[in-house]
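Read through the structures below before going on.
Consider the two complexes below, in which subunit A is the common component and subunit B and subunit C are the respective partners.
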Partner chain A sequence: MNEIAPKPGIKGIVKKLSDVRETSLLMIIILCAVILTFTNEFFFTTANLQTVLGSISINGILTIGMIVVMITGGLDLSVGSVMCMSMAFAAQAILSGVPPLLACLIGIAASALSGLLIGLVVTKLKLSHFIVTLCFMGIYRGVVYVMTAGKSISLVSTLKDMPKLAFLGSGYIGSYIPFTFVIFALLAVAADLYARRSTRMRKLYYTGSNELAAGHSGINTDRVKIGACVACSTLAGVAGIIYMSKYSGVSTSAGTGLEMTALSAAVIGGVSMNGGKGTVAGGLLGLLFIVLIQDAMNLFSVQAFWQDLIRYVIVLLAVILDVVQETARKKKNS
Partner chain B sequence: MKKRILAFALTLVMICGLTACGKTEIPADNSENNDSAVEATATGLAGAEGETYYMNVFVSGVEYWFPVYAGMKDACKQLNVNCVYGGTTEYDAQAQVESFEAMLAKNPTGILCSPINEEAFVEPINRAIEQGVAVVTYASDSPNSNRQAYVTSDNTNEGATAARAVAEDMGGQGSVMVLRNPGQSNHDIRCDSFIATIEAEYPNIQVVADVATNQNEQAGYDAVMSTYQKYPDLGGVFCPEGVSIVGAATAAKELGTGIRCLCVDTNDTLLDMLKDGDMFSLLCPDQYMQGYLGMMSLFIAAHPENVNPMNERKANGENIMDISIDNGLTIITPETADYYYVADYAASLGYKDVNDMLSEYKTK
Partner chain C sequence: MNALELKGISKSFGRNQVLFGVDFALRPGEIHAIMGENGAGKSTLMNIVYGNLKPDGGEIYINGQKTAINHVLDAQNLGICFVHQEIALCQDATVAENIFMSQIGRGGKYNLKTLAAKAKEILDPLSSKPIDPYEIVERLPISSQQVVEIAKAISNNCRILILDEPTSSLSGAEAEALHQMIHRLRENGIGIIYISHRMSDIFEQCDRVSVLRDGHMVATYNVSEVSVQQLVNDMAGREVDMLYPEKAADLHREESNVVLDVRGLEDAAGKFHEINFRLYQGEVLGFAGLLGAGRSEIMKGIVGLRKLKGGEVLFQGKNIVGMRTKDIFDSGLVMLPEDRKKQGLFLDMNIRQNTVATYLSEITKNGIIDRKKERELTQSRIERMNIRCVGSDQIVRSLSGGNQQKVLVAKTLAKKPEIVIMDEPTRGVDVGAKAEIHRLLRDLTHEGVSVILVSSELNEVIGMCDRVELIDGSGTIVKEVLGDEINSDTIMYYISDAYRYEQSNREVSINE
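Now for the complex of A and B:
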């Protein structure tokens, strides 16, 4: 069949690309990068690109989890707290003499369990993700306070004797690529491919698009939603372990506000708040856009009081532009 | 002989004084002492039965507050009054105002409050004072309210001290940057003072960036990494708090160019980094004295009968104090860092742990 079908020309490829929702965001990002390259000599340098890669990694892992939950029609406001809780469990275990690998697994397992709990409450009690995860955001932060008695946990000395764990957060591959980025990239590619190719992942979309119809077609929607919550929290746990390694300890405020970054990134990247739409690649492009804005503000030495204003106005403009383009695309196709 | 008699008399006076200070019984008839500060001192400062004082904070899990409360608690023990630690766990003005109002509903004698936002607390503090509840602010202020006193380490001095420390070590040449948490008044004052001091006193040092990192390690890391690309002579980073600076110090360590990171805060991670040479300096307000002096001010505000200042305020029924107290500032060095670990400090005060130190104190 493939031999008979005509090969798509450049026009065809352009049309196909223009039909992909992420293309418009990618174009905006490329445009920003080009402008930054010509207006700031420090943007397109190895060191700055390393900073961007390093910066996107931890938030990126959180964002993947957020996207998965959002595709099912939910959202998770507790990811920052879960991340911090994972750090606290792992750090306490390390200080108690547990081997580092096992300690990290304890932290990640605690996160997975926390996701399971969220999923069970959401599905069995039929409560909204927003309310449940808002409560759990406070509950898990509270667990951290109780565990640490409000104190930061220092691993500065401990990590000196654990070079592998230290490498996890601070190491570089070939002196150029942050190891955190390698972990993130592997997770991102795996998640995106899995989302596009796996029938199991398609169930996430079906559930998010129309939960009732998905249920009638034999999908166990509760199981799908619980699975998404567990995946999201587990990824938050992984992000926490990397964060703990990179910053040599746990501060009780770690992860605060990261849920909003992940949520904003996903929305900018075209992940629908109503579920059923969006891709991992799109959400991560949204995050890249946010990171680029912050990087630009740092490079242009924008004064602190202006930064939030500028950041969110640009984010809003990007979302509006994306919606306008999406509407135009739909009109063209209909 | 005369000297011996004098020495004996002085010793007697000192013993009496100490006994009076340690005395916790409530005077049999307080009304007799209303007009005489001398008489009040002679019978010892002590609260009435059931008097309760609250400490109200934001982000109650932050270690900074713990030694402050230890100071307040010690003062409460000496004054024979109850004290409770509370506030909100969140970094949110509304949540802190609600926690303040919840305390107010319990009809306390006084509240020692560190307002997250100066304007948000004007009305709640004024309402508290109208209800007869004494309010003293500490660490951060609400200057447009009727709060009766303010205890802090001079934030302007902190910023200036940090600026001079880093600038001198840089030999008066190069670039520095600031990481801040816009909107928190005491943090803004520190940052502004740091910048003003550099600009006024070190013409060959440029303040090249002022970044909103909002108490986030990753944001601190990114800010230093990005800024360093543009300004390779970056020699110092100042931060008014102890979270973003951890990220900054991590970035500085990775860059390996000797960027000096300093902040106004302490915690175990910062102290370990200081001892390891990853942190240039930590500036520490005397937290214990902040709480102790805060409580003493609060007690005076709640018991104006004990003092007779030479002004018209008492006669006019106005706030007799309206004072700002400087609780002092210490520069922590690697050699002195061991004195600042809060768990060890709690143990040195005889508490089982930090939780025990933060527990409510109830008079017997």
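Now for the complex of A and C:
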């Protein structure tokens, strides 16, 4: 969503780019990376970069889903739990002899259904995303506990016989790039283009920008919102399958807290909590920024107790920046 | 000595002057009505008296002393109380807590028992039916809530009471009770300013009446010495001061040209009754009535945004009552929403995205928006509507009100409709944009589109419409006018209840 009028010439393009949140964020990220390269000998090593790319992938897929829901003016706190539920279903299926591909589809289908349920409750009962997904965060986590009787499921030995599924989470392309990152990158590019170009995503923006006006324009806003919830949960399900493959099993606490990572990434990337604003690219750059900061803290051995504190201070600053910009703009225009 | 005297009060909002040297005097112990068309300046004047607005010029005297009212607190300390048209009570709190809300805040602690006793003292003389001070406001009928609202206003040593359309949400019996209460207050020497459109209220309840028109105080009369006709003339009489496009020359109002046929439309909530009218192809049909007469509600009823009790709407040969709004819009009957910011525009999106919102399926191929078509369509709309902007990428919030309204019109008309309903299309729009919207409306009719225009502005109705349905305060069509009959006197006579009031008086005299 471009915010400004185009002006002819290179100056216009520069001006346009400089007004977009993505550009400034990208600059900051590059700056951080450069500083890290010169101040820490471990940063620009294959191992470290692989860690960064790896940790971006699963979180990134969750973040895409979160952005989609946020564009409609909602949010989804259940993504971590849904992700865990997806792998629990898939793992159970695999252990009971279902072919791996079908098992994964079962896990993803379960996530899609859980998203449908959330969407229906939110729209038909007119409840807020916050309270509904907060409850489902607990409910779906509970489903995992019940299914697994609270024990972790190990697939270490099983995955040895399933090379394709094992490759999904731990394979490398050209022996350097994690396969998970390739999947994520493809999804990200597709999602970003889809968000900019497609009619369906445009309806999401309309709904998030002004639901009443969208309804008056003949858009079925309930369906749009349900669709966003399903998309978000389905993506969480996909992330779950990758997670399961990467860590060769299911821990009942997998995905805990990831909803906050996704949410903060989106907010830092300029996705508005009020809906109608933000891009997939922006939200994912936000995630990259978070991951970099996290990595830097690890490289400089910042104590773990400090890490959360620092991360959320950054999120708060991003939100404050947003509000300040917004009020400045409204003042200018009125 | 006058309780309140205003001398030469003037007020402008930006370049728009709304009050021109208004003089006004209120005696203690009188009920003084203020009448005037929508937008005549009544509420601005009252907001100045109550300290909500500062006048640009003029003087205010309270009990003969020159006073400056800079803040609502000043007004309250001077004993000025304002009861607004809408009830603004804390619905979950008790009656007593509501009445003394402003005093509860201080100190943090209060004793509900003493408050209730004090509340009872104020409430008992106000109403013949006692109101329990411990009752939760939500559980009271509207009329009792209004009593609480007034009790709250006068709890603070009230000398001047301003009532804004107090009977608009009340039934006959409830209004009667309210009037008894006002008379009791008058006997205690309180001066009451009574804003109303209802002729019966004015003639039966008030002592004097002042008429505001376009920000000028036209006249003040003793109610016993003035006729209904005189008040109507004072409220309306004025020249059309704007140029409007030429009206339709040869309209054929025949059976074969009927594009919309509304029969016996009845609102489920009782805001309008027995609405019958026909819309012919290529005409601009106006709906005139005072604020709250039910004009917008009728339109919402037609397009399925409001629950109906009965009646039918024939469009394209079938009854569309009960159809979904989206389907009605899709079939070619569209409505421009009344509140552009709430129901119409995506303020934080750009002109292009706003314009194509109703047109998505036409510019979509395989689920992907054709950007070239999107740009072309928007560009042609920008040119046709003469939207002043840097480009189609400009965010709508940053446009002026008039240009925002043009974007909304463009959005509504993106798909070419058969019938357009426009509810207040030029509200809050500057003169230039207004003329452009008027021209566009007329151009549409030349293309065979039929228009229903709802407007509170008498001038606009007179200047634009080929035919006008007049609605009175009870939500019924009392008269249809066309041609030379479309003039301010006639319209004001019917919509202000003057017609109904004279009729009922006639009936009374016949019965006698």
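Assume the second predicted complex is superposed on the first by the 303 of 334 C-alpha atoms of A that agree within 3 Å, B and C clash if a C-alpha of one lies under 4 Å from a C-alpha of the other, contacts with A are read in each partner's own complex, and residues count from 1 in each chain.
Following the convention adopted for this analysis, contacts are C-beta pairs under 8 Å (C-beta built on N, C-alpha and C of every residue); 3 or more make two chains touch, one makes a residue touch a chain.
Here the structure is a predicted model, which means the values were calculated and not measured.
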Which of subunit B and subunit C A:Ile268 touches, first, second, both or neither: neither
Partner contacting more residues of subunit A (subunit B vs subunit C): B
Which of subunit B and subunit C A:Gly138 touches, first, second, both or neither: first
Which of subunit B and subunit C A:Ser152 touches, first, second, both or neither: first
Which superposed partner A:Leu288 touches (first subunit B, second subunit C, both, neither): neither
Subunit A residues contacted in one complex by subunit B, in the other by subunit C: none
Residue ranges of subunit A touching subunit C (in the complex, touch as defined): 1-6, 197-200, 202-203, 205-206, 209-210, 212-220, 276-277, 329-330, 332-333
Complex contact set, residues of subunit A against subunit B: 40, 42, 45, 47-48, 50-51, 54-55, 58-59, 138, 141-142, 144-145, 148-157, 170, 243, 246-249, 251-254, 256-257, 294-295, 297-299, 301, 303-305, 307-308
Residues of subunit C touching subunit A in the complex: 325-326, 329-330, 337, 342-350, 353, 357-358, 360-361, 364, 367-369, 371, 389-391, 393-395, 397-398, 411
Subunit A-touching residues of subunit B, taken from the complex the two chains share: 59-63, 66, 89, 91, 178, 180, 182, 191, 208-212, 214-219, 221-223, 225-230, 242-243, 246-247, 250, 254, 267-273, 276, 278, 342-343, 353-355, 358
